[in-house]
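Letters A, B and C mark the chains in the order given here, with residues in each chain numbered from 1 onward.
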Amino acid sequence: MAKYITKRIIYLIITLFIIASVTFFLMKFLPGTPFSNEERLTIEQREILNAKYGLDQPIPIQYMNYMVNIVKGDLGVSFQFENQPVMDLLMNRIGPSMQLGVQAMIIGTIIGIALGVLAAMFQNTWIDYGSTFLAILGKSIPSFVLAALLQYYIGVKLGWLPVASWNGFSSSILPTIALACFPIATAARFMRTELIEVFGSDYITLAKAKGNSRGEVAVKHAIRNALIPLITVLGPMAVGLMTGSMVVEKVFAVPGIGEQFVKSIMTNDFPIIMGTTLFFAFLLTVIILIIDILYGIIDPRIRLNGGDK
Amino acid sequence: MKKSKYYLIIVLALTMFVISACGSNNDNEGSSDNGDSSASGEQVLNMVETAEIPTGDPALATDAASFIVFGQTMEGLYVLDGEDQPVPAIADGDPEISEDGLVYTFKLKEDAKWSNGDPVTAHDFVYAWQRALNPDTGSQYAYMFSGVIENATDIMNGDAAVEELGAEAVDDYTLEITLEQPVEYLNSLLAFGTYLPLNEDFVEEKGDSFGTNSDNMLANGPFVLTGWDGSGLTWTYEKNEEYYDIDNVSLDKVNVQVAKEPSTAVNLYETGEADRTAALSSEYAKQYANHEDASTFEEGSSWYLKFNQERDGEETPLANENIRKALAMAFDKEAFAEQVLSNGSIPSDGYVPRGLAVNPETGEDFREESGNLISYDVEKAQEYWNKGLEELGVDELSLDYLSDDTENAKRTAEYFKNQLETNLDGLTLNLENVPFKNRLDRTTAQDYDVVMHGWGPDYLDPLTFLDLYVTDGANNQASISNEEYDQLIEDAKVTYANDPEKRWEAMLEAERILVQEDTAIAPIYQRGRLTLIKPYVKGLEEHLFGPDYSLKNVTIEK
Amino acid sequence: MNREEIKEIPKEQFEPAPIDHEAGERLEKPQLSFMKDAWLRVRKNKAAIVSLIILALIVIMAIIGPHLSGHDGYEQDVAKSNLPPRVPVLENMGIFDGTQKVGGEEVNKYEQMNIEEYYWFGTDSLGRDLFTRVWLGTRVSLYIAVLAAAIDMLVGVIYGLVSGFKGGRTDNVMQRILEVISGIPNLIVVILMLLILKPGIMSITIAMVITGWVGMARVVRGQVLKLKDQEYILASRTLGAKNNRLLFKHLLPNLSGVIIINTMFTIPSAIFFEAFLSFIGIGLQAPSASLGTLIEDGYKTFQFLPHLMIIPCILICVILIVCNLIGDGLRDAFDPKMRD
């Protein structure tokens, strides 16, 4: 186990190193400078500014500096937010993103499981079709459409919840719902498949033979066993939530990381792009690692030696 | 079964951990409370903006959002009034001007104070200007001093010490400015953000963190900025208790919320959570054009097609005057401004925008006096087109049309492709919508044929526009060259610096040559903005240049 | 039956039948190829069949749709911009009659502006026919999705096959590479790639493929590992089959199930992703349109001109739903456990 975890952490570091390097060089390929007022600058001034941001040095040196700073936890200084360290900018924004992500994940998983269980228990009935349809719909409506619809109908027309802004729990409800659709869909579809498989296994037949009712079998035996593998979809779910957050945060004006990332893409703010990329990559790889380890602990059938024979 | 209990416990533990982690982060979020719903009679204004504040440091600011903040929280020697005329602010009345027009001596108001109680002195101006020009500061607007204040250019380029700047504090309340040459539009420059004063002690104390959040900023204007964490989507302005003219400020508090999606902004307005939107995107502008709360304003930026006459060291077909004229006349500006943009933008037959400057003698607007230099006329366009093609000896032309990749730019590009190709036989326009930075790169390298270009004023004078197209000008980028034009601009800058009327004539003639005679550029429109504002918000002043608006005189009359 | 009658039965009938050894080897059911077998089972899945028909219709419309309305998808006429949908016949029934709410009042835009033509899905802000554009968009979206899925499939299958089949050191190295690549979030790679490449059909496809093939490679490798130890492979090998034959004749057909299912799920996610990219502003460039860019355009005005958003949105949902249902159907069909 310890060996496995060490190995995985080494991969994690390699992955992050590659991502950091790739992002760095890709950013160097991008056209333009980070100076928003570039159009009006003289050549001398551009040189002065380049020197200020260390952009006049040869690329290998810039790369070295960048890497060394990352190890120190310094992601550089933003171009668009003058003099603000990227780390601070990320930290300012992390709270709302995390809150939304966790809320959406919890709500999504719970509703998703419920939908999946219903579908599996009433396989091939209209309940099944309905829940499958809902699940796929949740996955197929682009999140910005959903967000816009929620905002307009619930926020403006009905006036039940705040339209936008970040101001206490009530303003987090709509974005959470918009974000939760993806986890709902993922969990529901996964649950359905797993349960159907479990329902086909011998011990369920036995439980039925002993005279347990359908509901009892499902609750006591089947669902529990189907839940374990659900942990494996938490990774893809996290990815989906990150994607969704960029869109949903923008629509609901939530001061989160995704919103900032989209803005920095538009403004060529390389340090933020690189910092956020690394941050996302780090978060995801760590989540996936934790999930794998958890899964190994819970289900001993999974060998943790990474597929080696 | 035991296994699933493990699972539940672990998941639960993990969830708790994450929730608690984000809970702690939420605290500082909650502290910037800004959702006060204004009870009737309360002087609270709720506004929507479209972008965050990138910086609270006037030397480093480059964008509208920052300048709007300075417009509310800081005052320079002059500020713009409701008619965009510079009026003395920190300056106590107009300055004494030496006979050669080079030395200005300002008396400062002695009751002006910073929000920490320090007085605003002449040293604050000298310090701020020297700081902005210091290459170490990295100000992108330092050039605003260049050619105006003595020695500014050398200091900016690192060739002279900052102390050599032609600005001196004679005593605490007397500021003496020495110019390089007489400058007609000095007052409007003095109202610009980069010319704002700074409190030296405060700035030095904060060091690099100056202007990175609302605690690291000082105000000397009607409001102080609060609740801004450096990159957040919300902030507030509160009445500045130290402001010298506080009796004329009626707003107690202004809540600002950033909403980048136009629909979100409109929704906030519709539900009454906002009292004013920022400029609406053209889709929304179209829908709200007849709304009772709609208010339009002509901005100071002028948009036109720029024709590149030399690419890869060779003349392009656009070096042909007839081809340029044909292109400039072959699109319907009016339909474009009204149907496509529909945000209050007005079609323009000239380069210098309306409302920027008036004839020093007659008071007539530059645009009015200069008149319609080139208008939409398909027949004439086709005539020029055929003549041009004949001269070039070709039947068809394929041109690269370069523009930004913003939504409006894309729709504009599609419109122009359609118009020009329909009206001019044998023309193919290849649309290239690239990111802003990319567009700048390509225009600098002159790697394009036609580019959609917009320019906003740096100061209130036609020169801020006309200066662009002198031969080899830094922003010419199209090999536009005309000796007569160069001479006229030189005259306006130097020869007639002390002769407003002749200077005016020179600029009028220069525009005529640029647009009508040479048609080096094809004017399209002057940008407008349409905002929604509740009828009970009175006294909001919008500006052509500098901050988009001022809130000092706003009152809420519910 | 009495004894008399029994006596009457001819003796020949009591002779033992000739034992036909051949017949013992003969199969009762017609021999089915793997694909045929699967098809038979898919056929029983009504949802999948209906989905298949709908998908086929959409594909056909994507090909011929842009020519049906008689309006060009790129031709602009700002005088006819933002028209609501109007369909002959249906308009008499009070729907799709070209009315629209402007400032709270129902107005018939067509009558108001004296327009004779019918725009079945209305027009966009530049007066272009939405019907034509929607199908043009569908074409582009499907093209991107299918292309991405096909490249994913090609790369993933080859990688997975080689890795799984070679085994040993090769497999080990290839797996490590895979692990690192899959650690890089897809989303981020795509965004970074699009910042550098000029956004267009090809670059979007390439960006999506860069990490997209990993899933396929994984699944294929897993299957290969499972299959290659099975008796029939051993038998074939014993009979002297070369690696190529083993791979293409024996392994690949048996892998086709997982490959097809995986591809069926790649297509919708590619379509979805493309829509997302449009929203954050690095999607397809004007004037070409995909469903994603159409929805994004429409989204901006959905409060007044809902049709601009809803029509392409419905289409994208339908495509995604049918792809998923077909994928489900195929999965059930290929799953040996579901064999009846």
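Basically, a residue touches a chain if its C-beta (ideal position, glycine included) is under 8 Å from a C-beta of that chain, and two chains touch if they have at least 3 such contacts.
Bear in mind the structure is a predicted one, so any value in this text is a computation, not a measurement.
Visitor: From the centre of subunit C, which chain's CA centre is farthest?
Guide: Between subunit C and the rest, the longest centre separation is with B.
Visitor: Go through B-C and A-C and name the pair with more C-beta contacts between its chains.
Guide: Spelling it out, more C-beta pairs touch across A-C than across the other pair.
Visitor: When you take the mean of every protein CA atom shown, which chain's own CA mean is nearest to it?
Guide: Chain closest to the assembly's C-alpha mean: A.
Visitor: Could you tell me the distance, in whole angstrom, between the mean C-alpha positions of subunit A and subunit B?
Guide: Computed value for the inter-centroid distance: 37 Å.
Visitor: Averaging over Cα atoms per chain, report the distance between subunit B and subunit C in Å.
Guide: 48
Visitor: What's the distance between the Cα centroids of subunit A and subunit C, rounded to whole Å?
Guide: Computed from C-alpha means, the inter-chain centre distance equals 25 Å.
Visitor: Note the residues in subunit C that touch 2 or more other chains, in rising order.
Guide: 281, 299, 302-303
Visitor: Touching at least two other chains at once: which residues of subunit A meet that condition?
Guide: 30, 148, 152, 266
Visitor: Going through subunit B residue by residue, note those that touch at least 2 other chains and give them in order.
Guide: In subunit B, the residues touching two or more other chains are 263, 434.
Visitor: What part of subunit B is in contact with subunit C in the complex they form?
Guide: Against subunit C, subunit B makes touches at 262-263, 266, 281-284, 286-287, 290-291, 335-336, 339-340, 405, 407, 410-411, 413-415, 417-418, 431, 433-434.
Visitor: Which of the residues in subunit C end up touching subunit B in this complex?
Guide: Counting only subunit C, the residues touching subunit B are 74-76, 78-79, 81-82, 103, 125-126, 198, 281, 285-287, 299-304.
Visitor: Once bound in the complex, which stretches of subunit A touch subunit B?
Guide: Subunit A residues touching subunit B: 30-33, 35-45, 48-49, 52-53, 78, 80-84, 88-89, 91-96, 98-99, 102, 106, 148, 151-152, 155-156, 159, 162-168, 224-225, 227-228, 231, 250-255, 259-260, 263, 266, 268, 290, 294, 297-299.
Visitor: Give the list of subunit B residues in touch with subunit A in this complex.
Guide: 1, 3-4, 6-7, 10-11, 14-15, 18-19, 21-22, 25-26, 28-30, 33-35, 52, 54-55, 57, 60-63, 135-136, 138, 140-143, 156-158, 208-212, 229-234, 257-261, 263-264, 267-268, 270-271, 273, 434-438, 440-441, 458, 474-475
Visitor: Which positions of subunit A touch subunit C when the two form their complex?
Guide: My answer: residues 11-12, 14-15, 18-19, 22-23, 26, 29-30, 129, 132-133, 136-137, 139-145, 148-149, 152, 197, 200, 239, 242-243, 246-247, 262, 265-266, 273, 277, 280-281, 284-285, 288, 306-308.
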